[in-house]
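Shared between the two complexes below is chain A, which pairs with chain B and chain C, respectively.
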Partner chain A sequence: MTENTEEKRLRFVKTDNPPFWVKPLIPILALVGTFILTSGLIMMANANPFEAYYYFLLAPLGNKVSILEILVKSTPLIITGVAVTYAFSTGYYNIGAEGQLYAGAIAGTWIGMSAHGMPSFVALPLMILGGFAAGVAWALIPALLKVKLAVDEVVTTLLMNSIMAYIVSAILNGPWRDPNSGWPQSPEIAPSAVFFKLVPRSRLNFGFLVAVALVLILWFVMNRSTFGLKMRAVGLGKPAAKFAGIKVNRTILIAALISGGIAGIAGVAEVAGIHFHLISEISPGYGYTGVIIATLGSLNAFGVGLAAVFFGLVDTGAQTLGRALGVPVYLGEVTQATMLLVALGMLLLQRYRIRRM
Partner chain B sequence: MFIVDMQKITKIFGELLANDHVDFQLRKGEIHALLGENGAGKTTLMRILYGLYQQTTGDVFINGEKAIIHSPKDAIKYGIGMVTQHFALVPPMTVAENIVLGYTDNIILDQDSIEQKVGAAAKQFGLEINPKSIVRHLSVGQRQRVEILKALYRNASVLILDEPTAVLVPQEVDILFETLDRLRNDGLSVIFISHKLDEVTKITDRVTVLRDGKSIGTVNTCDINTRQLAAMMVGRDTFGVTRQTDINPESKTILEVENLSVLDDKGLPAINNLKLSIREGEILGIAGVGGNGQKELAEILCGVRIPTSGSIKIDGTNLVGKDPLEFSKLGMGRIPEDRHEGVVGDLTVYENLSLEYLDEFTNKGVLDRKTIRNNAENLIKKFQIKAKPTDKIKTLSGGNMQKVLLARVLSRQPKVLIVPQPTRGLDVGATEYVREQLLEQRNRGAAVMLISEDLDEILCLSDRIAVMFEGEIVGTINTQDATPEKLGLMMSGALREVA
Partner chain C sequence: MEVFIVNLIAATFRVSTPILLAAIGETYSERAGILNLGIEGIMFFGAFIGFIVADKSGSLWLGLLVAILSGVIAGLLMSLLTVTLGVNQHVSGLGITLLLTGLSLFGFRLVYGGRSTPPAIPSFQPVNPFPNVPFLNTITQQYLLTYITFLVIVPLAWFIMYRTRFGLHIRAVGENPESVDAAGINVYLTRYIVLAIGGGLMAAGGAFLSLAQLGSFTHGIISGRGWVAIAIVIFGNWSPVKVMWGALIFGGTFALQLRLQAMGLQLPIPYETFLALPYIVTIIALVIAGRNASYPAALLKPYRREG
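After this line comes the complex of A and B, so read on.
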């Protein structure tokens, strides 16, 4: 009898318990994978891939100005990542953070414009609460459709984003059009409604503190509160949660509304911290990136925070790269997108082991 | 020469050794039983033969030649057919369409000609079935016949039947056995997977016994009796947990169910005007072939399905319209039929143990982690659960998972206990443990409803037995008056009786 060589080959076998050293290895492997995939393109742009990656990932960490800029860029991403995590943990796939962010931005701008003569310690909490409430309101319709009529929330939350984009456009071209310039942008918010700077002569502001607080609150709610356990139980095993007497629909509804509210705060932070007025380009898709960040952070509070800061780094690095090597800025975006796909692939593959059989 | 010769087959799933160097030989024209308990590796071995799994090591020879079987398609090419427990039929299609599905290369389907061919084949193999019937309208026994015909139509010379009698009433079993007997005489080789000793001794020529993934041996059926087979199967003389005492005739009724009706997921009536009651310290066994409304009944009594009419009373309090949490609080101890729908696999043992009574483990909205941990440690000790509190539930064996569910419920000393299929898929040790616990609850004074498809389990534990057929209770008898024959007739709807 001859040895059957065909039967022995490397196969992927699913495993529930990946060894402990797999997790830290993922970012490194993702980086190597991305480097291999993108170095060809970088060479086509007449640049050295090693040099490019230095500017992309290491140079931004080398000076204070760009480190602060990384934190500024990650602020809205942390907030939307946290927002999406509440919903996803409960098994409610809220893709509507983008629209909820703009709802919060509208409310924040409105309160900010009306805050003339109001002290900051009143105006800022009021704006945050207002943004939260507006986000909740915008999340309410899809959430109710989900729990009352079982309408798929992925579709409804996504469509609500388009509706919100047109509402913003209508407001900016209508009642709030800047009377002086005629541009579709709202009048500026009151100076007392502007988020104060954390570091002078930088863009880093109070919004970053809000984001950090939201991460800590997320951790506490998910790991220490009874409602957090209910959300996780519903998200991980709906039938079992129902069987144990947890009010599944109520839990989903509340999680969906919290998610919308927090996304609304991201809108307030952008208006009050960065732009000081409402424009239709407040968010280049922060709400959608929040979905990616929540997934990349494995729905874990600190994972989400880290993933958001990493995105901030990559964002900053893409600009540094363009400036330093004269390659198109788009190359940075290509690299960013590639890295994302590779990282998501890695997250999927960590659940498998390779076996010779 | 053997028609099928499996040599030293080993199959590993993750950490689990499902088959350990198993040898299996099938002769032409024999019915060969593959006997073993749940989890012994019978189905795994046959799935390897049918190409659904690939063996980790070992070789398969068909008619003396080495066979490499990567998929059921390869298996069919080698003349192997398999009828699984869950039929692979398309309900809205006709019998003839189901049989040629995936086995015809014609672009245009000529209904008349396939019906003729299938009809001729049915006649040839003596499998009485109308090729024009819509599968949805067929009984389970008829559907099984379609599956067998499908395999034979594809020129199978080896037929694998995976627990074919599990879904049949006794009368249908007889018909199946007659068919198999005739097919054997025509030269077909049949592999009969079972854990029922009486069936194995009745129909088969040889038996291969598997235990814990290993082959214990192959014997001629005529050389061995059921006791010896049982000993091979479990590795020791069988002994069971049985009810010892009679019920106190003066004990009062605790659970009363009246006029209960409900629709199933397809909107068809699943339960009609069902009425039953259970007394303090009594186990009421609910017998019946699967799919006669037992699942829906259990779900209603667990509070996760809402009846269209009727009442459920514990000590006179009506539970209908309340949510599962209130069911628990009013003394309804509930265990789900599917264990995986009772525990959240990705949560830990201690979290799952607290899930049903979260308000008692909460202090101002924050989890009282110390109490939750203590509770878990106590229950793990008391119910001999082999796990750490921080283990994820999904890493536990079925028996330990069931113990977690039992612990969660029994620690509350419920007045009523609803246990649908409590030992399904458990090994002997865990099964006995669960049965002991049920009897202990009965002796404590709980009213226990045991829904089971395992007649032996019902007969050895129940005080009274109610038989369900097509959503109704067709009879309730005292256990001392119950015989398997009588229950079989009631389960097939042929006999109605009220005690």
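After this line comes the complex of A and C, so read on.
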């Protein structure tokens, strides 16, 4: 930190052209770093780290049932990751995907419960549209506050999550409380509103196809559309984007609303594909994990998809590992977080080089 | 009615304590330009570490101390990411929250297994300086930690922030790091120290819940209190004393809602309305302040010393 030291010392120097081998090295180093950091925990659980990592990351890939389960678990993560990517690419820090997801889940449940006698090909699109609309509506308040009054979106979107949690609780303890259940949960949605299975006798359902479609759309919008170009320009710098004739606030508003709408679809997919009714535990924080996945995927459509599937693998593997060696399943969360923090640290390698000077 | 009111006031102080501790911690961090979204996880970790250390050692104070130390370490990790590496603050904070939540749940399951009823410890007992004054004695029946929070932590934060050179440095670092650096103040070190103090206070807030209020550790022990603290810091305009009022208003609505529910009163509106109220009020406060909200100017901006 002190300047003018005579002796030569190691320093981080910013570089615009990292050596070609740095970029592919980052995920590998992140994985190795994560392995080292989490092995301590595995040993505390009286398990061998190498054996544990076999059950954790390899065994789930070895049979069809758990491969399908990985895709099931990755579905909400893909969708929230895509949702967050729209916002973050535009420099709008939407931390509210969690609340928007629940807004979509409420709308999806409402349509699903009213869909008795409605054919699936009507009910399913209606639920997805309804979930999108609800997510947009919930994202509208912070987005408008941002572009009209310059109120910081990080805090407002975060607060909206908490408000939504209470709305869900109020609905489940009040008007939608299933009289046949001791738990605060809504009545089930109509059978025709349930997302159809992609593979019989598994949990993999139509929601995964929706997630894949959303990744492809994200790729197209970001890389092949004028609007994507505008979003990225705004994300890179508002003054320059304005100078280039882009309507900055309008772009931010639209990106924020798309982001909220897509997060809403994640809620629909969980209700219609997994739970079949609304409960307050639909998301164990998928909205927040979406931020992490969007970051790990470098805001790139396929990167986001890959990161989400990898997180699905970690979640599935943590369960396999728990059953096999009795290591607590929460190792999954720890691994995901460690991987994020290590990867963030690794970014340093890409942007800086260590030099003796 | 008098009994209802004194009970409500007593509960307000109790409920506000953990949130106020965390909010003061966040105030330090944000004043120096770092939004620490790790707050929710650090509180959870503090509650867990405090509980497990107290349970295994038999000493509540040791539990509190180790919890605070763990918060300090978490604060330093946040500094490493956001100050040294200049990583996006939201992502780092959420990452730390995910990490510490996972670590706590992992550790808890490892030590206590998957039992259905959480283990309990004999918790801190309330103290009372005025045991014989009617009505007042209900209000003054509080945990020592509550007294420390309101009578030491808040005034001290105010004093440090506005009456010491260090406080001047903190505020300057959060407003204009470039000129502060030019004036020879170490921006990085200041932010490291402040995040460490902040982390310690957040963890203390969490530990208050497990060591005093509950005497136990549950998965839902923090349930969003960290996010409330973030709201209160803005509501309190980054000033320790106003933050205290914000925490009391939140604690008051929360306590009122608890009392009304306990009385089995049928309200025309769902009781969740009370719970959501502090969040709604904070958003409205932000709207009213609008462009004039006095955010620390360098909040969210990593400071890089180039060249």
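The rule is simple: the second predicted complex is superposed on the first by the 337 of 357 C-alpha atoms of A that agree within 3 Å, B and C clash if a C-alpha of one lies under 4 Å from a C-alpha of the other, contacts with A are read in each partner's own complex, and residues count from 1 in each chain.
Assume a contact is a pair of C-beta atoms (placed from the backbone, for glycine too) under 8 Å apart; a residue touches a chain by one contact, two chains touch by 3 or more.
Everything quoted here is computed from the prediction, not taken from an experiment.
Legend: residue contacts after superposition of the two complexes on their common chain; A:Met44 is shown touching chain C, with no touch to chain B. In the superposition on chain A, A:Val154 makes contact with chain C only, not with chain B. Annotation for chain A, partner touching more residues between chain B and chain C: C.
Of the two partner chains, chain C is the only one that A:Leu344 touches; chain B does not reach it. When both complexes are overlaid on chain A, the residue A:Tyr166 reaches chain C alone and has no touch with chain B. With both structures placed on the common chain, the touch criterion links A:Gly245 to chain B but leaves chain C unconnected. In the three-chain superposition model, chain A touches both chain B and chain C at residues 1, 14. Residues of chain A touching chain C in their complex: 1, 14, 41, 44-45, 93, 95, 141, 145, 149-152, 154-156, 158-163, 165-167, 169-170, 173-174, 285, 288-289, 291-292, 295, 328-334, 336-338, 340-341, 344-345, 347-348.
On the side of chain C, the complex with chain A involves touching residues 35, 37, 77, 80-81, 85, 87-88, 90-92, 94-99, 101-103, 105-106, 109-110, 186, 188-189, 224, 227-228, 230-231, 234, 270, 272-273, 275-276, 279-280, 282-283, 286-287, 290-291, 293, 295, 300, 306. Chain contact summary for the complex, chain B toward chain A: residues 12, 14, 54, 56, 59, 68, 302-304, 323-328, 334, 336, 338, 340-347, 351-352, 354-356, 358-359, 361-362, 365-367, 369, 392, 394-395. The touching residues of chain A, when paired with chain B in their complex, are 1, 4, 6-7, 13-17, 224-227, 229-230, 232-233, 236-237, 239-247, 357.
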